[in-house]
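Letters are used for the chains, namely A, B, C, D and E, taken in the order the chains are written, and counting of residues starts over at 1 for each.
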Amino acid sequence: MTNSMSNVKMVSEIIENSYKVLKKEVISQYQVSFEVNKDDVHSILTLLKTSGWIQLSYLSAIDWPEENEFELVYIVFNWDKAVHIQIRTRLNRENPVMNSILPIFPGCKYYERETHEFFGIKFPGNPGHEKQLILEEWDDIPPLRKDFDPRAYSDRKFVKREYSNDFVNLNGEKSKQIAREERKEKIIKVRKGGRK
Amino acid sequence: MASIELIIVFTALAGVLSYFVGRLNKVAGSVVTILASMFVFVSVAYFGYNNELIHSTEFLPYVTFSVTYLGLFFAILVTFIFAMVSFFNPFFVEKYKYPALYSMLYLLSLAGVLGVFFTNNFMSLFFFFEFVVWTSLFLIPMGRSKRAASSYYAFSTVGSFALLFAIFIMREASGTFNIVSSMASVNGTEAAIVSALLAVAAFAKLGAFPLNVWLPRVLGNSPDAISAVFSGGLEKLGAFVAVLALVKLAPFGYVVDATGLAASQYVIAALGALTIVFGTLMAIRQDDAKKLLAYSSMSNGGYILVALTIASSASVSGGLYHVVAHALASTAAFLAIGAVSRITGTTKMSELGGMIHKMPVTYLVYLIAIISMAGIPPMGGFISKWLIFQAVIDKGMILVAVAVFFGSIGSFLYVFRPLAALFLGQELPQHREVSKEAPFFMLVPMVILSGLIIYTGVLPNFFLGFINNVLTEVGVTPLVIGSYTVTGTNGVLQPALIASVFGVGVLIAFIIFIVLKKSRKVGLMDTYTAGNFIYTEELMHYSLDFYAPLERLYEKYINITKDFYKRLENKVVDLGRLMKYYFFTNKPEIMVLWIIIIMGIILWGDIL
Amino acid sequence: MITNILFGVGVAFFGFVLQTSIAGVNRKVVGRVQKRYGPKWYQEFLDIFKLLSKRSVTHGWIFDFGVIMALGGIIGTAMFMPITSDLVAFADFDNFFIFVYLIAVGMLGMAMSASGSGNPLASIGVMRALTTMLAYEVPFMIVVLTIIKLTGTSSVTGIAEFQQLASNNWFMIALPLGGIVGVMSLMGMIGKKPFETYIAPAEIASGPMVEYGGKQLGMLFIMHEITVFIEVSLFVHLFLGGAENVVLFIVKYFLVYTTLNIISSVYGRFKIDQVVLFFYKWPILMAISQAFVAIYLGWVI
Amino acid sequence: MLSTKFTKLSKEEVDRKWWEIGDFFRRNSLWMLMYCTGCCAIELPPAMTSAYDMERLGMGPMATPRQADVLLVTGYLSLKTLRRLIYTYEQMSEPKYVVGIGSCTINGGIYHDSHAVINQLNRYVPVDVYVAGCMPNTEAVMNGFVDLMGLIKTKKANGWKDYHARNEWYMANQKAALGEVKVHDEFHE
Amino acid sequence: MSAILLIVVPLLAAFISILFKKASPYILLIVSFASVIVLGYIELEVITIGGFASPYGINLVFDQYSLIGLYIVNTLFFLVVAINCVKFKEMSTILLIALAGLNGLLLTGDLFNLFVFIEISGIAAYLITATNKNPLATFNYLVAGTVGSSLYLVGLIILYAMFGTLNMADMANEIAVSGVDASLVAFPFLLMFIGLGVEAKLLPFNSWVKGILASSNKLTGPIIASVYAATIGFVVGRLLTSVFVFSDTLGLVITIILLASIIAGEAMAFSSNKVREILLFSSIAQAGLVVLVFLQGFIGWGVFLVVANAAGKFILFTVTNHASDELGTDEVNDLKGLFVNNKIVGLAFTVASLSAIGLPVFLGFVVKMNILGDLFAEGNLFIPAVILITSVVEGIYFVRLLIKLWYKEHDLPVVQYDFIIKYVVVILAILIMVFGVYTAPIETEANDLDLISFVEGGNL
């Protein structure tokens, strides 16, 4: 299977010698990811498209609330050389704006609208990307942001069924339910690094 | 005591009068047409029925009349159709280019039709035949297409000139133009030629298979009232000639012993069958309701031909009864579609929908008309189709039977298409405000026609009795009819019983319906759409390409005859162009060349 | 006359009860074919009366008028149907063409009210029903043409008596090709599986029946049952020599209907133009050749 | 010679008698609407096929809400599905019953904390029978149907009457959860 | 008051009109009107000029046949002049000469005298068509005309050499008496037939017709198409029925020519889309039909066919040429909706075209029916079949033309018809309608025309 490794090498030469790659990572023999500056993305994608990566497999975002950034991921695929390439960029979190790649990959239209709906990233150049696509009558911040708390939303909007706890713990032990919830609280506090 | 000649002259004068009145006020002119045609119908029907029509002639030279049952049958029917359709004139006449001319030509063609049915002299028959052709010719271009008129003229002239040729052959044999004596005096091969030519005339006028291209164009594009008159009235001229050609003259050619039918009968039956199949298939795929009804009258013309050519008692009475049933049903259907097109301006089914909400009476009229056209029991169409089936089965003509059965089931398909696409279904917003029920005077003829359709279906014996007189006169054994029953060749039918049993059934169903709980009234947009919320009516109305899977099967073969006649026309144009470019250049030397050639031919024998 | 009409209504009611119970039994048979018990034998009755007891929705007067006209037309046709050669409401008026064309009234009523319901699925279903009718009707009528030509009468009892004569066989045997075409057309008429394109639950949500519920649907179920009764008993009289007594009629009826049901329970569903192409390829050829052989050459077994 | 005096029944007694007869037919031929919302729907095929054969109970799948009597809510109900469910429920002919299958309809189940899934079905649509279990076994589903038939017999399965009686309450809940039921979407205009 | 005046007075007037240039149109009007009136007062007789006996002297035959011819030709001539006298002032002298020539053609009983009058009327025709502003066509017409008349002269000379006489009646007697074999006489008769055929617009010889009539104006159109055609029709009728003797080969060849010209005429008319072209090709076909009828020997109905054609073509050409003069073009698509504003002229045009097709209420119908009747009486089925088929084609292009002219597409062609044209055209249309319905006088006239045999008429 040497040619697949050589493909990855061949790809990385194409990208590296013409653009400044911030971080390169070979995920597997069929997948390699490059992190590049925001303004190089368009030219890289056009270069990749002309050299065989004709399909835009996926476009989405990752929310890094700590670094106050969004990370956009473009995954393009080449049917002949069987290599997925991930192009990643970082956007500022306050007003995330990224020009649409509609002229390069027309398939990105609904990906971008979905990303806008779930992350709030604006894509000028994609007609009507602010319109409601999947969520109907949504009245809260974009749900896939890390700072959105679904449980709070669920408690607020959908009334839970109250159960009267008509049960007694066996010989005085703490109920497993309460123990479970305390453990969960501790994990969250640790994950948040003690910062509120 | 009414004299036929007086009626004809009266109609012609009424036509001219309606022209001048029409010049003053359009609607008044068309009202004159109503009065005149109603008067003519009443006098012909009343006096004709208790045979007090005298046929002396004072004014018109060279024209002699005689009252025959055949002529009377057709005359009463066609004048009735003219009278009923004339009720529509005042409402449609504003839209036409020459309203006064419209009223005049309308009455003149009525006069011509009367002349055809009552004359006993072939030359005056031809005179009135051609008179009807050119008067109705100028009515067509007032509708949507101008080309239809020239194709109508072309085909009906082919028919009438074939008739003329036959008339002159008969005159050679008998020396006189009298219909009865000249028809009798022809025998052997001359009889064959004459009946073939008369058949061509019948085919041209009925719009049957080989000469059918004009019918859909004319009926589809001419003004609404006129297409009703054409399909109800003027087509029956073809049936009249068909009776002369197929029933009065003996069939000729090799006689098949198994069925006792002659070769000519097979040929004409085959062409009739082709007309039925072609008409049905083309009607199924039409999007314009009027074109669809045009193809349906073509296919019904095929039925009449098949019935008349078998010339047994059941078939001829079935054929004549079909003339009545088809005339009533297709006129009612055309008038209903005309009423819709008057309000919405279009008869294209893809642009219409849900007209029943605003025009229920028109809907009921159209429903009764299509029940008769599809040949379903309580209506007249069933009796005639039943008789024709009896004859076809009795003679064992299998392939013709295939076409006849296909035609009757197919007629159910294509008559249902306008009902579903045009009347039922979602009510389109653009027609919701503008459309309202047709005015009273338009409903009167439609309701009368539907009443008659039901009457001919439930109690056919009155009409069958009259048709029996025609049969005896034409020389076919009359049909055996009891007070309520009709006996065909292999079965007995009691239409009144069928209707009453159908009534009982509906009564039982109605009782079941009333006893149970009342349903909740819900609008048309509240339908099952697998959970999707719907707001636009157009998306929810299924009318375009109604029979798409069926139409796909024969899409490649639809305009065989149209292409044939187009190629024929191009041949004539090429010949003309060739002659023009060869002979008519400003070079005299070609003339001299031809002179020398001709001289050469003449002197060939002697000197060279 | 009144007694005949009452007798007719009795025949129609008998037809309904007979067919509904046999349909119930057949649902058990089909269940057994699929290795399961299947419902109670009177399940069809339960379904119909449950529907009649529910309160559903109507889309306007044409929606109801169509259903009434459909059921009325079919009850009217059933009243003409002879059970045995002497058990018949109207002695010599039970003409074959009355059945073929009065059923068309039922079809027209249902089609009219289905398109009047405003749901495009219903119109598509109606279109498919009419196209299927165009397909299976023509071969069937050619075979019946042969039968009428041979027996000389188009009254159903007449044809049945002709077959009961000692010298003649049943037409199923006498006209083998005709019998096969009769079976195929019967499956088309009843709307059994291979030709069930117009009630296709998966594609067009049970076709014309989309908007019906409650009593309208119940009445349409009754109409369907009586239509099946008419068509199967027509087949019995035309091809299996009618019946001397009621028991024989019921046995023949049951055999025909069950065999059809078993055949259909193993079939998939044709597309609509496959149905038309199928019927205009083999059945019509068989019908025409059978007619030609029987009438012109006179070879009848 | 018992003189069976014919006691004249009052109007509502006659209706009640008819209603009981109707109940007998309704419970013995329950038609369920083939509308599978969530993952518990996988339990239905085994209920129909030869193993459990719901047709023995007179039950069978029907294509459209107009014809169906029982609406099976199988599994979690997202907001978008709930809108369609309410629209379909209103299209069903009366008397109609709802069977909530799976714990997600009871208390939101494993999706109780999701922003898209409702937690308690009977606040929006009257439910007659719940079948608990995160994917209840087929016997449990069949048992649920038998319970429903029992409820119909004892005239307790009148969720549809409750929908009419407390309509405002249901409407208020629906508005609270969904905003408004009928929405425009660009793909069906 | 003898018939000679009809020739002499126009000639005299022609010379006078040269002197008084200004008064010439009025002279023309007066003379042509006078010649129509005087016809009523002359009695039928044969005039021998200068008292010489028939074989040598020239005699004018003024019998029933030429009376009808003169009536038609003079009335139409007067109508043409009435319409055009203002616009074509300078043509009056030539028109007077033409009138003299035409009258001479109709009256003469002597073959050589016929040649002289053909030359006179031919020259007048060349000059009249010169106003068409299409010199090449006129030149072509001139060449064709002279070739034709010279062939006629050669044929005449051969006949004179064989039988020694020039008088029509004597010639007919001589041929009958001498019992010469028809095939010997075939060649001279063919030459004479070709000579006349050029003028009678038969197919191989009528290459000039398209040039002349396609660009004709209000004067030349009616003159050539109706007046000249009628005269030639009468002349051909007189010669074919009384003088000519046909061998079977000559008969066959001539019928082929005639059928060819009918079929070709109709096909050409069907294929063209200029109004004047349609009309001229249709008149070619009609001319072929006229000669065919005379060939079969039906004098009476042949005459009335010529009359019907003349009247019909007069109306058609006048209306069309007036419109094309004003608009400059006669394309059918440009003339669409011509009759929307001028209905009376439109009605007359419709009547004329329907009578040309042969539809019931009009003169054309009566004539066509009787011709077909006589043809069938002869037991000949092929020719009527051709006539009927070609009249179907004719019907189609006339109906197509009419419908286009009556219904406007977009903007209407602005054409004003002055009062005279309307008046003249409507009268002719009414005449066609009247004689179409009230057919008694025509029937009697046609029957007694058949009875006259020319032989005695020649030296009456």
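Going forward, a residue touches a chain if its C-beta (ideal position, glycine included) is under 8 Å from a C-beta of that chain, and two chains touch if they have at least 3 such contacts.
If you're wondering where the values come from, they're calculated on a predicted model, not measured in any experiment.
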Graph separation of subunit A and subunit D (steps between touching chains): 1
Count of contact steps on the shortest path from subunit B to subunit D: 1
Chain nearest the global centroid, as defined over all protein CA atoms shown: B
Contact pairs, highest-scoring chain pair: B-C
Most distant chain from subunit D, judged by the mean position of its C-alpha atoms: E
From subunit B, the most remote chain by mean C-alpha position: A
Euclidean distance of C-alpha centroids - subunit B vs subunit E, Å: 44
Chain centre separation in whole Å, for subunit C relative to subunit A (CA means): 61
Geometric centre distance via CA averages, subunit C-subunit B, whole Å: 35
Geometric centre distance via CA averages, subunit E-subunit C, whole Å: 77
Multi-partner residues of subunit D (at least 2 other chains): 64, 66, 91, 183, 185
Chain-to-chain touches, reported pairwise for every pair that qualifies: A-D, B-C, B-D, B-E, C-D
Parts of subunit B lying in touch with subunit D, wherever the complex brings them together: 526, 528, 531-536, 539
List of subunit C residues in touch with subunit B within their complex: 5, 8-9, 12, 52-60, 62, 64, 67-77, 79-80, 90, 92-93, 95-98, 101-102, 104-105, 107-108, 111-112, 115-121, 123-124, 126-128, 130-131, 133-134, 137-138, 141-142, 145, 148-149, 152-155, 205, 210-211, 214-216, 218-219, 222, 271-273, 276-277, 284, 288, 291-292, 295-296
Sites on subunit B touched by subunit C in the complex: 258, 354, 356-357, 363, 367, 371, 374-378, 382, 385-386, 389-390, 392-394, 396, 398-399, 401-402, 405-406, 409-410, 412-413, 416, 419-420, 424-426, 485, 488, 490-494, 497-498, 500-510, 512-513, 516-530, 540-542, 546-547, 549-550, 552-553
Subunit B to subunit E touching residues, read off their complex: 61-62, 97-98, 123, 126-128, 130-131, 133-134, 137-138, 141, 146, 149-150, 153-154, 157-158, 161, 164-165, 168-169, 171-172, 572-577, 579-580, 583-588, 590-592, 594-595, 598-599, 601-606
Partner subunit C, residues of subunit D touching it in the complex: 18, 21-22, 25-26, 28-29, 31, 49-50, 53, 55-56, 58, 61-64, 66-67, 69, 91-95
